[in-house]
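What follows is a group of structures, each given as structure tokens.
You will see two complexes here that share chain A, one where it goes with chain B and one where it goes with chain C.
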Partner chain A sequence: MTTRLLQAWNAEAFDADDVPVLPVDEFQQIVADTIAAGARVSSYSGRTDGQRTRVTAVLADDAQGRLGVLSCRVGASWPSLGAECPSIQAFEREIFEQFGVRPEGHPWLKPLRFEPPVNPNVDPWGRVARPTTIPGDYPFFRVEGEEVHEVAVGPVHAGVIEPGHFRFQCHGEHVFTLEIVLGYQHRGVEALLVGGPDRRTVTLLESVAGDTAVGNAIAHANGVEALAGFQIPARASVLRGVALELERLANHVGDLGMMAGDVGFLPTASSCGALRADFLNALAEICGNRFGRGLVVPGGTRFDLDADAASRLADKVQKAWERVEGATRLLFESPSVRNRFDGTGVVSRETCTELGLVGPAARACGVSRDVRRDHATGVFRFLHVPVVTGETGDVFARGWVRRLEAERSVEFVLRQLRALPGGPVRAPCPLPRPGRLVVSLTEGWRGELCHVVETDRDGSFLRYKLVDPSFHNWMGLALAMRGEQISDFPLCNKSFNLSYCGHDL
Partner chain B sequence: MDGIPGILQFRLGFGRQTVAYPEGPARFPERFRGLPVLDAREGDGGRAGAAVCPTEAVRDPGGPGLAIDLGRCTFCGLCEEASPGAIRFTGDHRLAARAREGLAVNGSAPLLAAALDERARKLFGRSLRLRQVSAGGCNGCEAELNAAGNVQFDMSRFGVAFVASPRHADGIVVTGPVSVNMREALLKTWEAVPAPRLVIAVGACACSGGIFRDSPVQSNGMPGVPEIPVDLWVAGCPPHPITFIDGVLRLLGRV
Partner chain C sequence: MILRALFQIGILLVLPPFLLGVVNRVKAIFAGRQGPPLLQLYFDVWKLLQKGAVYSRTTTWVFRAGPIVGLAAVATAGTMLPVAGQPALFTFAGDFVLFAYLLALARFATALAALDTGSSFEGMGAAREVSFASMAEPALFLVLVVMARATGSLSLSGMLGPALAPAWRAAAPALLLSAIALFVVALAENSRIPVDDPNTHLELTMIHEVMVLDHSGPDLAFILYGASLKFFLFGALFVRLVADAGIAGIWAAEAVFVVELIGFAILVGVVESVMARLRLTRVPQMLVGASVLSVFALVLLLR
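And now, the complex of A and B:
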């Protein structure tokens, strides 16, 4: 990485003033060059800075395990990097929607979440009143032609899932394009975090995505502990790792069950549905909540396990895993399942790199990236979890990567639970220091969770930027559907299983 | 064994998966936090607990009216840690009420939702089809509602199931604080359900806005959507699947 950007490790705090403020053209040149050289965008966000907008970019160099941070001040518009670097498109839309900075020449400049602008007096789109319905106010991409038809789904779907709108351009069963419109789940998380930390902070972060409560709580805790210059006790760090992997297990196993359900393979669908609960219940054994809420706090963990409880928990996890092995063997060995999984919803390696996909969706394309290895923190610095990759980038690969990852997670959890280090699980963590900035990454079960936290002169949060893995990955799903049968959409969708609320914030 | 015999053998190996509840006991992990019991005369009367509560759910701390509004409570247990004696969480999973204010608990009495009137019980008691609407939820409540239908909790045992279309439904289940961006879709879905229809608000967000309360881009839950009358309020963050099933069965007069 060039010397014009500040280099930092994951969860290493530094003075906010050390972040270079560059002229816009130089900033954009460095961003484009660094991406071309193999780095990817972890975060790219704005905040109000007087009359202008201060944009801060975080570029992750996975091979070196380094993060590059740089910023610029921009006025009402700037040239778009989106055509050159597709992974930046959504970020530029976000900055336009929030701060009105128009990316000139952006290939797809549409609302991202339909959130009100930070300055309520300037609507970036010049809308007079706030739109009441999202799809009605949206210029959809359309394919014209006599036999072309359009399919609209959502925001309320058939199943018990979150809201989003999907618009397909089809010819018969054949899908030309899929456009995904989100924003229905927007509840203003980032705005609520400003001015913290306060008594709401941890719960808010656990509610960014309820199925990733542990992941976000860890990313948050790592971040504020770094801002305070505080080291948690070893036992806490191991317990956090165990909880993170249990969360991954619950979700991966649940996803495999849902994918089985989508191809009508009921034995695995029903058993994985129940087995998922064993991992959720393991979290509840530790902290009383099936999603691990309330477990991770700055300073350590709120709950401990005694030796007996830890070994009982290990036994339960092992027993559940034996059943998962059986259930998933049936799934992947069944020819009718493989027929539906293989070659469906392919994302090429090139597309994956261009879009900056993360998590199992990226690893399924053969792109080896995992925060636990590349930017390790906590217990993962000492005990490595092998990274699993696939090759084919299809539904099969996304399922198979989950299956193998789950196995690695079980090995990790069992090993840790049977040899927990001694000592306390919590120590009082001081408040964040003023004028500091930290980038905290955690490998959640969907991929990289990125928290960029900056404190003001009093040590309160000036800006708390969250990037959910789904923010990168939704476009991957849209592209995976091109040229597919529309009837394969539920399966493709499930194979990504992205978060609406994590995207919408 | 391969093929169908192998699959059958695998399934038989699982045995019965479904929980014993309601005929037998509902089992929860030891640390599960259900209904809190309060005693204003003990300890600090809930003062320290109120100060740490993330959702301002503790009412009249230190006073005679010490209460917890379970419609706001995330069951994090911080108040119990801060105010031992005054606040103690039990494992009682029954956490639903017919009126929103009914979720404010102040002593140690159980919280049991009353049943519908006889006509409504006759209509819905044997078969209840529900359309779920997630309106700004974090997918926690949605995950537990999905779990309520899996082989473990199997609420279709009671004739209760989620359906795809509001036209096929007898009511809706709302989760989330009702984001501004979902408000209209929620109203339309509710209107599409033929009357008479039931409305069930699930989770702290739907009951009060939860941790998002007073954010300007949401409605503070169903109390902020007066167009839609609510028949059952279910507390939790998220409510355990058995808590949801128990609330529905009480509403239908079946437990």
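And now, the complex of A and C:
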């Protein structure tokens, strides 16, 4: 990384004034060069700065475990990097939609979340009347031709899933392109967080993506503690790690069951569905909530686990895992299942790197990328969870990586539960210091959760930028479907299992 | 005679939903669940019959005719099927052709009704259904031709009548091959796993189910009931072919027949429980495989 950007570590606060403010062309040059050199974009966000927009980029160098932070001020437009660095295209659309900074030459400038602009007087789309915010209200990409047909799915789906719109251009069963439209779940979380921390903050963050409540709470707590210059007790740090891995276990096991259900393989579908609940119940035993809500707060954890409860919990987790092993062995050893999984929805390693995919979706392509190892915080600095990678980048690899990751998580949880450090689980965390900025990364079960928090002169949140792993990965799903059978879409979708609300914020 | 005819019609009309209840129960047991009651489909049909139907403004009479024609065609086909070795209600030389094409008529009506909605899902489902049917049909005909050749009869009642037992003694390998082919066709025609998943909610993967998404109320009841009837027909054909118990008494034979049908339902349930669905592109291969088996059977008979 060049010296023109601020080098930082995960969950390590620094003065917001230390972030270099570069001219736009130099900023973009450094971003492009750093990405070309192997880094990836963790966050790329704007905030209003007088008449202009201040864009702050966080580039992650996974090999070195370092983060590079740099910023620039832009006016009404800037040249687009989207064609050169596809991983930036969604961020540029976001900045355009929120602040009206037009990326000139963007490969496909279209709304991202259909959210109203931050400054109501400047509508990026030039709508004369009140800017409408109905998602999907724009001209879709179309393939013309006699035998080409269009299939529109959603936003209301047949199953109990979140709203999103999928538009396929097909020739018979063959999919040419898939266009994904999101934004139906936009709640304006980032705006609600400004001015915090207050009593709502943790609750809000836990509901950014309901299935990643623990992950987001940890990312938030790490960030706020760093802003305050506070170190949590060791016991709290371990409990957080256990909760994070239990959340991963519940979701991975549940998803393996859902993938089995999608191919109509009943034994694994129903047993994994039930076993998911065992891991959720394990979370409930720690904090009383199956999704781990209310467990993690800045300063530590709100609940403790006594020695008896810890060993009981370990036994339960072990028993549940033994059944998961059986159910997943059946799944991955059935020829009829492997026939469906193998070679379906392939994302190549090059595409994965270009798009900056994260989490199991990236690891399934053979890209070894895991915040727990690369940018370790908390307990993961002391006890490493081995990173699992696949090779093929198909549905099988995504399923198999999750299966193996779950196994590593169980090992971690059991080991931690049987040797919890003593001491308190919570200490009063002071308020964030003014004028600080922190980048807090956490490996949620879907991948990297990125919280970039900046405090103003009073120590309240000036800008709270959230990047959910789904934000990076949705494009991966769209590309995985190219040239596939349309009937395999639900399976591909389930193998990614991305969050709609995490993307829409 | 009349009593027997009434009994045959009775079995034909009353038993089918129970068989699907058995299939679902077997699947539930494999999945470690309790599953719905065995009589659930009767409840569903009864409930739906009392409801009103919703019709989209874009549909025409074709959409409304679909379920009625579908059910009527399958039920008529049922009257040609001998039950437990007794002659069917209607029987004439070559009735198996009418039998096969009445089933095809039901599919035609359903596919037209699906296309009438103009929905892209239903169009996709109709396209899948008819393209797979075009491969299942030759397989079915080849099976029937093998049976006709083996028994020397051109009517279903003759093929599945007393001549079947001697035919098994004379040409067991051929009949066995065609029985396997018939089972594959039965799975495909009744949209069971590994061809289709009757329980999925994923429109994009459905074949048969997606064609009936827009039907409601009594129309849906007709469709559900018609589907169970079709399952019964293939089951009856299959169990008679493979398990001719050769029991003399009419009533005993009928009882054994019902037990055999339940056995067929259990078999289907087991297959559904231990297999994942095939990729759609693989379904034609399986159906062509079934046809090839029947061709081998025919070759064995003709040599």
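Just so it is clear, the second predicted complex is superposed on the first by the 497 of 505 C-alpha atoms of A that agree within 3 Å, B and C clash if a C-alpha of one lies under 4 Å from a C-alpha of the other, contacts with A are read in each partner's own complex, and residues count from 1 in each chain.
To be clear about the criterion, a residue touches a chain if its C-beta (ideal position, glycine included) is under 8 Å from a C-beta of that chain, and two chains touch if they have at least 3 such contacts.
None of these values were measured; they are calculated from a predicted model.
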{"item": "Touching partner for A:339 - first (chain B), second (chain C), both, neither", "value": "second"}
{"item": "Partner chain(s) touched by A:44 [first = chain B, second = chain C, both, neither]", "value": "neither"}
{"item": "First (chain B), second (chain C), both or neither touched by A:187", "value": "first"}
{"item": "Chain B versus chain C as contact partner of A:267, first or second or both or neither", "value": "both"}
{"item": "Contacts of A:486 with chain B and chain C, given as first, second, both or neither", "value": "second"}
{"item": "First, second, both or neither for A:464, with chain B first and chain C second", "value": "neither"}
{"item": "Touching partner for A:96 - first (chain B), second (chain C), both, neither", "value": "neither"}
{"item": "Partner chain(s) touched by A:78 [first = chain B, second = chain C, both, neither]", "value": "neither"}
{"item": "Partner chain(s) touched by A:155 [first = chain B, second = chain C, both, neither]", "value": "first"}
{"item": "Residues of chain A touched, compared between chain B and chain C (which is higher)", "value": "B"}
{"item": "Footprint overlap on chain A, comparing chain B with chain C", "value": "158-159, 267, 270-271, 274"}
{"item": "Complex interface listing, chain C residues touching chain A", "value": "27, 30-33, 120-121, 123-124, 127-128, 193-194, 197, 199-205, 272-282"}
{"item": "Touch list for chain B against partner chain A, complex", "value": "6-7, 10-11, 13-14, 17, 28-33, 51-55, 74-78, 81, 131-147, 149-152, 162, 164-166, 176-177, 179-182, 184-185, 189, 210-212, 215-218, 237-238, 240"}
{"item": "Residue ranges of chain A in contact with chain B within the complex", "value": "113-116, 130, 132-134, 155-156, 158-163, 183-189, 191-192, 199-200, 202-204, 207-211, 213, 267, 270-271, 273-274, 277, 281, 284-291, 293-294, 302-303, 323, 326-327, 330, 499-501, 504"}
{"item": "Residues of chain A defined as touching chain C within the complex", "value": "149-153, 158-159, 172-173, 260, 262-267, 269-271, 274, 334, 336-337, 339-340, 344, 485-491"}
